[in-house]
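Paired with subunit B in one complex and with subunit C in the other, subunit A is shared by the two complexes that follow.
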Partner chain A sequence: MKTLIRRHFSGRRGRDLLIAWVMGGPAFILLGLFMVWPFIRGLELSTTNQRFDGSQAHRLSPWYANYDRILSVGVVHLPDVPQDVPYRPPRAGWYRSKTEQCKACEAEWSCKISDPQDATCAEQCGAICAEGELIFRWRGKNLDEIGLGKWANYDIARTFSLFGRHYAVVAKDPLFWKGLLNNFYFALVVVPLQSGLALLLALLVNQKLPYVNVFRTLYFSPVVTAMVIIAVVWKFLYNPDFGLINEMIRFVTFGKVKGFGWLQSPQMAMPAIIIMSIWQGVGFQMIIFLAGLQDIPEDLYEASAIDGANLWQQFRYITLPMLRNTTIFVVLTTTILAFRLFDQVNVMTPDGGPNESTATMVWYTIRRGWRQSEVGYASALSVVFVAIVLIVSLIQRSLVRSESALD
Partner chain B sequence: MKALRLLLLVAVVLAVAVPMGASAQEKKQVTLWFHSGQGSERDALDDQITRFNETNGEYEIVPLEVPEGSYNDQVKAAALAGELPCVLDFDGPFIYNYVFSGDLIPIDEYVSDELLADVLPSIIEQGTVNDHLWSLGQFDSGLAIWANRKYLEEAGVRIPEGIEDPWTLDEFNAAMDALAPLVPEDGYVIDFKFNYTGEWYSYAFGPWIRSFGGDTINKETYDTAEGVLNGPEAVAFGEWFQSLFEKGYATATPVDPDADFMEGRVPLSYVGHWMYVPYKEALGDDLVLIPQPDFGHGAVTGMGSWNWGITSSCENPDGAWAFIEWLMQPENVKQMTDGNGAIPSRISVLQADERFAEGGDMYIYYQQLVGGVAVPRAATPAYPAIQTAMSDAINAIARGEDVQAALDAAVDTIDSYIETLNQ
Partner chain C sequence: MTTQTLSSQQRAEARRRAVLYRVQKTLRRLFAYGFMSFLGFLFIFPILFMIVAAFKPNERVIADLASVRAFFPAPNSLTLANVRDVFSRVRFEHLAFNSLFITLVTVIAGLFVNSMAAYVLARLRWLGRTVMLGIIVSLIIIPLEAIAVPLLIQVNQMSAFLDALTLGVLGVLTLLFWRVVWNLAGQFLRDAPLVGAWPRVLRGVLQALLTLGASLPLEALIYFMVGQVREGGTWLNSYHVQILPFIAEPFSIFLFYQFFINIPRDFDEAAYVDGAGPFRIYWQIMVPLSRPVFATVAILKFLQFWSFYMWPLMVTRGDEYQPLMVGMDFFQTQAPIKWGSIMAYASMVTVPVLIFFLLFQKWFVQSVSSSGLKG
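Then we have the complex of A and B:
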């Protein structure tokens, strides 16, 4: 054994190899212990119905039952919307949701719009109430009454209409798909916006101005503050009645705009989280860009100035190409960080936000695995999540590779 | 060689350290977990643990305080990891889940008949599953509406004498309408404690859904919530509840609702006994308790609170029981409930407490508990899902989302949990 080792690591090459192993050793051990091994365990758990209680865990049959539940999706052609959409939800089928204005009208005329015999209500409030949202009530147990019985195990994720016909995306686990879509929405907005803003800030704080370090520190300070604390503070800032942001909107518009229910409306909740996340994270990318900017040799700019290049041309033909590697790094890391979105969502909208508009993959995995103690199912969710992030990263890398990065 | 020397060193240190630790503590150690609730509860328990450790010659309690927000989750995780303590404190409704998973041992054989006869029936009901007693608690909870007497008198709103004449739905609505003009601009009419997370929504609004004629799970089969939590009665509750927010009588985004009530910006506060002590300090004699309204199917309120059990992995169940018995001593029950305003679980302590006697500040809690108004939460291992589903649904309704859709989603959460439970 000893001789074997000696033979293997002898000579110059051998010594290099030994040093490589010793230097890499701690990293390999830590990665193996905290990444590879848990992932293998996760793969194993994902085929079981393991719960925190543990007592009755067994392998599911078929073994991919969890994955089947996560990944099963379908598109269903929904029945046509009836002429008079009922306001009282049926056992399964279309109904119209009552808006606040509709309910106020009902109260004013003390009538019920859901009562078809009530002529006054139809007359007085019909037009107002007709603006209510159309909702398809999907109850698995009642679906065979409207001829959709084979989809009984599915739930509705969202409805859409195409050429005047109504369709629904249905899934066995719609919250997973909603979370996935929200993740992509967040990433698609945050990655370009945050990277662009970071570059802009880096250019600003790269000026040779007095007290520029003060600005660098200011922009960077949210990064070193714990996300949970920032989320709690922003939750108060976003408060619809007393929050600073709405107060400011009211002040600037002289009270014309009453402000928004930032975290209370399905359209605004995710943008609210996006704004706050960019504010928190942009300083980190700024510092990386700043380092990149300071690596660009000054003489390039001098030479181009002599050639008569203006500021924009300098930026376009010197700064941007020289920042190429930095940009690749920033975009890759921002993407991965964006997919990890959890802290701010969990603090600001612990129930996943209005209509689950801020539910994310990590949030959902923790909800199932931790709060509802469905460890097996959550493991399967994590495996799917890792696969998706891996695919996204590989696509990004191959796009970058094809243009061969500068060394 | 160096590695060997290091190993030797570690071995020596271990060999010296371990017996030293053991010799310092001749008493048998009994581990204990408790949720970090209010300060007064923590102080009382700390004091009781200290005194137990001083007086008991055989056992020593080693406590660990766990944050309340994720307490139940951490208990479940510890159960899987085999790291549960000996003595465990937990919120009432989770007992079914723990018993179902085999985390607890029954305590019938330990409890003396004398003690049992002096414990509130509601505490015994809460602790009993499958005809065995698994837990005991120092107090039961009280839930009704705290009100500011000045406001009610100014608005001419009737203050019910007791549980025999609660507000009806119409009376409740009329009270809202009458109070609304009196509150200042930065106030609102009723505080629903939307700053709370987790268990609050099931505990507080489950009873109201029942009073409307719905429920959180089918109480006959316990295998679905379909038709009860999303039936017409529950929807009626949801639409009415939503209207309180639409009219501006309540807010789903309070900043500091405790202060709002204590500083007189809000006349009504729907919350449990745990706010009694601070509220009393702030409002004095203006503080009045309004019994749960009767929304059509009788007045209903929540009950049950934190209680103590012995885990199945406990090596010293006798020591664990010695401590629970100590907690149940009348003076310790009194010390705890004096501080947190809860209903003492020992009848002798309860009867001696003026606050719960006729004319006392919290007489209504007592009436609700013994008068059949208080109902335990759903006795099912699916309770964790009910908690999540109710929290989501009540928040969605308050935000103004479609009531039927919100309740349908809650049913789906509960039903899919039951499905995986039986998988």
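Then we have the complex of A and C:
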């Protein structure tokens, strides 16, 4: 023991230890203070109901109450739809929404379709009003009456029907799941699309043509623009009424396509963010692919040309295999970036978009932890976020490894 | 060997083929250029539109949208009104200073701190080296977004001990930085044509002035920080809260580390034999040999912190310490919303960086491609 101590703390080793902490110390201490410690602190905070205003926090019981709230999700078999679906929302259960035509009809006959005594209304407007959407009213405190009492803490995320029976996906925190799904949606579209486009661009600017560097500059320039700033410009371009993008779509299709609602429509809001993100980020991956392409020895192509390989065969059997490591790197980093999606979303759709269609995990964490100052709950969200990112990248890595085992 | 002369028919055939080949080549090139230009347009049109709209009167911005005029400034209605509007509604110059100051200090201090840490990890043998390396590599995977909320709580209630510790770290850093700059300044002055002949005392004064000047941002940071810390326990709404947590960064350390372990040891052994200590070896041997990786980290960190948004949004109120990115919100939320002004603001933030990129394009491209060598 004594010799061990002497070996490490005296002589050249001892001097090196001192110097290591003087020179490396700033980095180690700063990392410890602003990364490791907050991370550990986050684990601890996630078991409390700490708020940002500094009010007294206490440990929740059970300690995993926050996690339980985040992760609880279930599928509920809803009661069957009754013969006469009411038009007035019940305390809990099915009702039918009134369409605009239905309301017009009611106004015309000055009657109420929701009144069962009113025979004229049922006769005149019954058919029109039956077009209304079936909605399940889900209210925690009234669920006991229809035998769903144990789901009282859950909220409804969406309903679906299977084999004529109605089900609902419920969660204690539906917005978290919505964000998670949106993140996966974003990642599943962006990762292949952006990597593929980056490879295409890299192949284009790798051609031996005069002035090809001009195009490299053009494709890369969005990368040096700040995301927040350029997102505001895109928000303007996406405007459904006078936005440049809709104008261009109308121009290219000779007015056949009227354009989209983009950020205002639940279906197109996420694609709008996706297009913009790819536009801004693809240049970066293009350069990485380009470096990979330039590392491929020229003689491989010459040899294959002598053997009569065409361009596609060269690409398939030389370029792609030689770019394997680069591709893995690009895919892994793009995936992590996709899960960290925040800036664009917060600028273009500050309230999470129509129907929360652009809410993401990070956006939701920041909203709970900062805007609503529920630090304890947001810490738990952060821990879950790290866990998901870790799991996704571990899965990717193991896929990569098993694939290389096949080679 | 018998030599064969080609018949006139064969010669015509060959000529025909040559022409055909040339036509094919030209066509292929035309197609390639056409396709690349089309893509180039897609990539540049938002930026082009933004810059053009910045110089248009407010009402023309929307009026011109339906035609090609969106991309061309109208000569008779060229105006600087939007730029003037930006200056009158926000303190643009102050925001720009904040952004520059925060980014520069983060990048420069980051280069210094991270490369030193990588050096002691790569070159010295000390107790706990492998453990530290393991911790740093595993920290790479933790995104900032995941620790933002606990970090916010932490900087809101910094204890006196942590204040003292961070100030101490900054102090050590400044001393080390002075030592490097002092020597560099000495070298520079000795080699300078006129000053080299001056008396030693005068040169010494000049050397001290240069040292202080070069490390001024760090000293300014300490000055600002001491001022705020003395007032109370919170770090919110300050420069250092936007700088200190991001100086040390695992990925930068990793990039430096990878570069350093590939430099042959013979260099530092030779210096060691000549009596140089580790710190001297670091800045006289390692730093000059690893300029490319310094450029890489500098550019990547610059891009990252210039456009840093989430954290400044969370920790600043009012424009005293806000960077440009957060200042943008003002135009989006405060009525009247003038799109011309928004485009002017966006251009004023974007164009300087674009010019910077065009001038140092080689370095940008090189730094991005070497960030991928990790694979």
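The definition used in the following text is that the second predicted complex is superposed on the first by the 318 of 407 C-alpha atoms of A that agree within 3 Å, B and C clash if a C-alpha of one lies under 4 Å from a C-alpha of the other, contacts with A are read in each partner's own complex, and residues count from 1 in each chain.
In the analysis below, contacts are C-beta pairs under 8 Å (C-beta built on N, C-alpha and C of every residue); 3 or more make two chains touch, one makes a residue touch a chain.
Keep in mind the model is a prediction, meaning the values are calculated, not measured.
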Partner chain in contact with A:52 - subunit B first, subunit C second, else both or neither: both
Which superposed partner A:242 touches (first subunit B, second subunit C, both, neither): both
Contacts of A:133 with subunit B and subunit C, given as first, second, both or neither: first
Comparison of subunit B and subunit C by subunit A residues contacted: C
Which superposed partner A:370 touches (first subunit B, second subunit C, both, neither): both
Contacts of A:86 with subunit B and subunit C, given as first, second, both or neither: neither
Which of subunit B and subunit C A:288 touches, first, second, both or neither: second
Touched partner set for A:271, first subunit B, second subunit C, both or neither: neither
Overlap of the subunit B and subunit C footprints on subunit A, listed as residue numbers: 52, 54, 236, 242, 370, 375
Subunit B-facing residues of subunit A, complex: 49, 51-55, 60, 65, 89, 95, 97-98, 100, 103-104, 133, 135, 137-139, 141, 155, 236, 239-242, 261, 263-265, 350-352, 354-355, 367, 370-375, 377
Subunit A - residues contacting subunit C, complex: 8-9, 13, 16-17, 19-20, 22-31, 33-39, 41-42, 45, 50, 52, 54, 201, 204-205, 207, 209, 212, 214-230, 232-234, 236-237, 242-244, 247, 279, 283-284, 287-288, 290-292, 325-326, 328-330, 336, 339-340, 342-343, 346-347, 362, 365-366, 369-370, 375, 378-379, 382-383, 385-386, 389-390, 393
Subunit A contact footprint on subunit B (complex, rising order): 70, 73, 76-77, 79-80, 97, 100-103, 186, 197, 226, 235, 239, 243, 246, 251-253, 255, 384-385, 388, 391-392, 395-396, 399-402, 404-405, 408, 412, 417, 420, 423
Subunit C to subunit A touching residues, read off their complex: 29, 32-33, 35-37, 39-40, 42-47, 49-50, 62, 65-66, 70, 113-114, 116-117, 119-121, 124-127, 129, 132, 135-136, 139, 141-143, 145-154, 156-157, 162, 165-166, 169, 172-173, 176, 244-248, 250, 253, 277-279, 282, 303, 306-307, 309-310, 313-314, 324-325, 328, 332, 339, 342-343, 345-346, 349-350, 353-354, 356-358, 361, 364-365, 368-375
